[in-house]
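As structure tokens, here come the structures.
Shared between the two complexes below is chain A, which pairs with chain B and chain C, respectively.
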Partner chain A sequence: MIVAEQKPIDELIRSLEGFKKIVIASCGTCVTVCMSGGEKEALAVQGLLEANAKEKGQDISVSVVDLKRQCDDEFIDDLEAELLDGDVVLSMACGVGVQFLAGKYADKVVLPGLNTTFYGAAKELGYWTELCAGCGNCLLERTGGICPIARCSKSIFNGPCGGSQNAKCEIDSEIDCAWQLIYDKLTAMGRLDTLLEIHEIRDWSTSRDGGPRHLRKDDVNLDDAGK
Partner chain B sequence: METEKSNLQKMLEAGEFAITAEIGPPMSADGETVREKARELKGNVDAVNVTDNQTSIVRMSSIGASCLAQSEGVECVMQMVMRDRNRIALQSDLLGAWAMGLKNLLVLSGDHQSFGNHPGSKNVYDVDSIQFLQAVTNLQENGVFIGGSKCKAPPHFFLGSTTNPFADPEPLQLIRLEKKINAGAKFIQTQCVYDLERFERFMEKVRERGLHERAYIMAGIFVNKSLKSIQMTQQVAGMSVPDSYVKRFEEAEDKQAEGVEIAVELVKKLRTVKGIKGIHIMAVGWEEIVSTVIRQAGFLPRPVV
Partner chain C sequence: MMNALILGNNKINAEAARVLAESGVGAEVLTDVSEILKFSGEPGGYTVVTQDGTARFTSVIVTEPPRYAAVEADGGTSVCLADEAETERLFDPKRRDKILILLDFAEETPEYLAAKAVRLAARLAKDKKDVVFLSKTVKSGYGDGELCDREARNAGVQFVKYEKASVRYDAGEDIFCVEANDGVFEISLRSPFLVTAGFEESGQLKRIAKKLRVRGSTKDGINDDRFFLYSAFTLRRGIYYLNPALTAGDEKQRVKEALQPLMEDMASIGADGYVREIIRGMEIPEVDPNKCAFCYSCYRACPHGALEPDGKASAMKVIEPLCQACAICEAICPAQAISRTGGGPAPAGGGKCKIYLCENGAAEAFDEILPSLGDRGRLIDSVRISCGGSVGAELLTGDFKDYETVIVACCVEDACRHMDGDKRACKQTGRVANLLNKAGLGGKHAHVIHTSLAMKDVMKEQLTHILEESN
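And now, the complex of A and B:
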């Protein structure tokens, strides 16, 4: 899933300065699961903004609109009236959701409430780690299901570098060395011999390096979409 | 195109025990400091590595500093890390470096930029060191760039890389060394050796794989100047410094003399390790001591091949 974290409340207060009627739009997908931009978090931000305004003697109103999914028209349109009933939308979705709303409503000010951090999963309660770089050409079949692009600090294909010690990365003792993990997994699978193959130079054009990406499926029609 | 081999290559091929040292370029545009360091080493080493923004601190480029040092009569090993340049820039610099007269190339991953003075920079790693070794080999032998186009006059560097016997997981570091040699590395410089026991074990496995016969392996040593410096060396990821050496620094009255003594001692021991064809001396922050270590270890005068 997409993991995100809330921007510091002071930053939100600064970016919302001057707006009187604030609508916070939460999102019910990834950012709810990672506890950063769901309805619960949106209500908490609402409380903080109201308390701050009260303290400063400012007259503002803050409401929360809980969108099931902020990157899809069908989940937005039903709540459009409430969503647009203010002079700013504070989107608590990932960067996709923020841009979706900003693009959908040409004259609306839409501000980001989160920093979108990575594609990952919870390793333990309240602790998420990055797992995928979205590079557009998956190589996990060769690395025991552990991505060196996302999980090695140097994205090395024929790793590890010389900084791997005690299974940890040289840059941070909280980061597991991806190549140690790959080594362990391939050992367990009895496929260590594959590591002697030199992983060839990568074509990064499937990644962001090839410019903004898009995907069209010509065979998709309205029937398939269930409409 | 017939080109003369580098001095380092000729030394190693002639079966001479080779000595290399290291120059860290200045954090400035002052070429004179490089020239001075080169003059100090002239005649005492077979070649000198010129580092490429080591520890991710912005310094004079390895190409520029290498050219300066060579103009003082010291052959250089240009280092290239994969951290800062994509394949376009790397290959372009290869062409320029060769045209400027550099003949040895050492390919390495590079320290992560979070260690240096520009921690907010992008890390490139478009290609990794093994992929680049393979690409340079293909360019040199077949005249083909990474992208597939032909190069009419390719370079002919004496190509090398590094290995770290003290990094984990050890079996994979060995596999990686083999991959580097398969990719075309002709000489290998190791991470600094203090832990002789572990190094011996590593070399035994290197010999089991026959790697010592496929590339010239040069053992790295570090010359520490003070207790603080060896304590810092001990903290570096991927380094193994037994406490006994730290203790020697603690107890020594003349720390600098102790540093030289330890270095000379290590050199003499490493020289006898089967499969070791040379020594690479790193004396970061104390480069002026290198000639003393070489002299005391009995490596002077250098043979001429």
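And now, the complex of A and C:
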């Protein structure tokens, strides 16, 4: 899932300076699960904004709209009246949700409430770790299910580098060396010979280097003209 | 008809099954937890699926003993307390060397091993051995603990309380060198005989804990050392941990004694009083399947293993007989999907300070000290909560519209009967205090008070101090 963390509250207060009627839009999917932008977090921000305004003697109103998903029209349409009932929307979604809202309403000020951080998973309750870089050309079949792009600090393809010590990365002793993990996993699976295969120079056009990406599924999206 | 699954590799299993049968409780034994493919259900009806089929048990008794491995230092291996054959060798009449018993070394020694150590020390001293007993803490809370301590002292055991210790093994002389420091003095001891509790190698016990979803004070361990619970009770109802080493006497007697409170509790399963008695009027939370993000956060956080996935609804659901209404799930749930039907905070009363009171001790303590707070007491609006862990940041931040100061009064460290409610209260309050600062609300304060019924005076002092400070 997409993992994000809340922007510092002082940054949010600065960016909302001058707005009288604030609508906070939470998002009920990834950012809810990673405890950064769900309804509960939105309520916490609401409480702080209101207390801050009261302290400064400002008269503002802050409401929370709990959207199931901010990246699909239909969910937003259902709550459109509440969502647009203010001067500004503070979107507590990932960067996708913020842009989706901003794009949907041409004249609406939509501000981000979160910093979108990575694609990852909860390793344990309240602890998430990056696992995928979304490069568009998965190579996990060759690396024992461990991604060297996302999990090696240098994203190297024929590792480990000289900085790997005691199975840890040189940039941070808390980070596991991805290439050690790959080696251990391939050994455990009895597929260490996979490493003998040399990785060719990679075509990065499937990743960010190819510009913004689109995906059209022809059998579902029948708009041939859109090609 | 009551029946129990005895789970674990322990020589006492047959004896335990016999004792249970005598009381009309049928028992089956399973020594290897990996044979359990699926475990689900609730007290009175736990379902255990193995390759042989599906069986239902009213309760589960874990008998897997914790395993302790000796401490190794520079190639020398200590005598492990848990290893009875090894400890018997210390009585060799030909060896007159000093014997060092070192507890709390690799990790804090559990009480039942400390008891074993004191008994061993007394026996050795009576056998004219020179025994030095080093420990960081004194544990004499078990059954005849104080008597054992006195007996050991009278027999001539020298007790040393230390803060830090290091062990070195001299291979040439085959001797252990122990350096201990009590914060002021250093002592150096040398002996070929070093007895330690060792360190826990609880691989199998951890696997059992994971399969049965039993939480413990150590991560993934089984709870058998929390003073507020009878030692055989785990946090998940209907699942018990039988460790006969906790009691004295011969083995048959010990098994019988250890099983006694379990059987009493088993008999109460299914009776109406079982749930209500424990949760003291707090409401059991409900999950709204329409809001549930099915993220498993509550499932992971619940100290009582009282939530399980409802595949059909694509949402979690509360297993009522397991729930102890601590509402930690409510505080954890990121989707606001969990709430209690009746309970919840009281409305604002117009005071300057709001205090959340954990019902485990803080609430009663507060009621007793309130009259003595005089006029200050009128500034405080109080709300009873089930546990300090049930308070989330969104609840506290919401309060600062109306209050200058918000306090969460929870249990002292390690006293929370929901395991980590006090730590959660601390973290949430700390997070809110931090947010208040960053939001430019330096005049508003979020505090946590650790208290108990026995700490009324301390609580009063802290409250008075906080109220004075916020004025």
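Quick note on the criterion: the second predicted complex is superposed on the first by the 220 of 227 C-alpha atoms of A that agree within 3 Å, B and C clash if a C-alpha of one lies under 4 Å from a C-alpha of the other, contacts with A are read in each partner's own complex, and residues count from 1 in each chain.
Basically, contacts are C-beta pairs under 8 Å (C-beta built on N, C-alpha and C of every residue); 3 or more make two chains touch, one makes a residue touch a chain.
What you see is a predicted model, and the numbers here were worked out from it, not measured in a lab.
Participant: Should the superposition on chain A be reported as showing a clash between chain B and chain C, or a fit?
Facilitator: Once chain A is superposed (C-alpha atoms), there is room for both chain B and chain C without a clash.
Participant: Could you tell me if A:Ile201 is touching chain B, chain C, both of them or neither one (first, second, both, neither)?
Facilitator: The answer is first: A:Ile201 touches chain B but not chain C.
Participant: Which holds for A:Gly210: it touches chain B only (first), chain C only (second), both, or neither?
Facilitator: After superposing on A, A:Gly210 lies clear of both chain B and chain C.
Participant: By the touch definition at the top of the document, which applies to A:Pro8: first (chain B), second (chain C), both, or neither?
Facilitator: In the superposition, A:Pro8 touches chain C alone.
Participant: Looking at A:Gly145 after the superposition, I want to know if it touches chain B, chain C, both of them or none. Which is it: first, second, both, neither?
Facilitator: It touches nothing on chain B or chain C.
Participant: Is A:Cys177 contacted by the first partner chain B, the second partner chain C, both or neither?
Facilitator: first
Participant: Does chain B (first) or chain C (second) touch A:Pro160, or do both, or does neither?
Facilitator: First partner only, chain B.
Participant: Compute the least Cα distance separating chain B from chain C in the superposition and give it as a whole number of Å.
Facilitator: So the smallest C-alpha to C-alpha spacing between these two chains is 17 Å.
Participant: Return the residues of chain A at which the contacts from chain B and from chain C coincide.
Facilitator: none
Participant: What part of chain A is in contact with chain B in the complex they form?
Facilitator: Those in contact with chain B are residues 153-167, 170-171, 177, 179-180, 183-184, 192, 195-196, 198-202, 204.
Participant: Along chain A, where are the residues that touch chain C in the complex?
Facilitator: Going by the criterion above, the answer is residues 8-10, 13, 28-29, 32-35, 38-41, 43-52, 54-56, 66, 124-125.
Participant: Which stretch or stretches of chain B touch chain A in the complex?
Facilitator: 82-83, 87, 109-112, 114-115, 123, 125-131, 134-135, 146, 162-164, 166-169, 171-173, 175-176, 178-179, 182-183, 191, 237-238
Participant: Considering the complex alone, what residue numbers of chain C touch chain A?
Facilitator: Of all residues in chain C, those touching chain A are 291, 293, 295, 297, 300-301, 332-336, 392-394, 396-401, 435-436, 438-441, 443-444.
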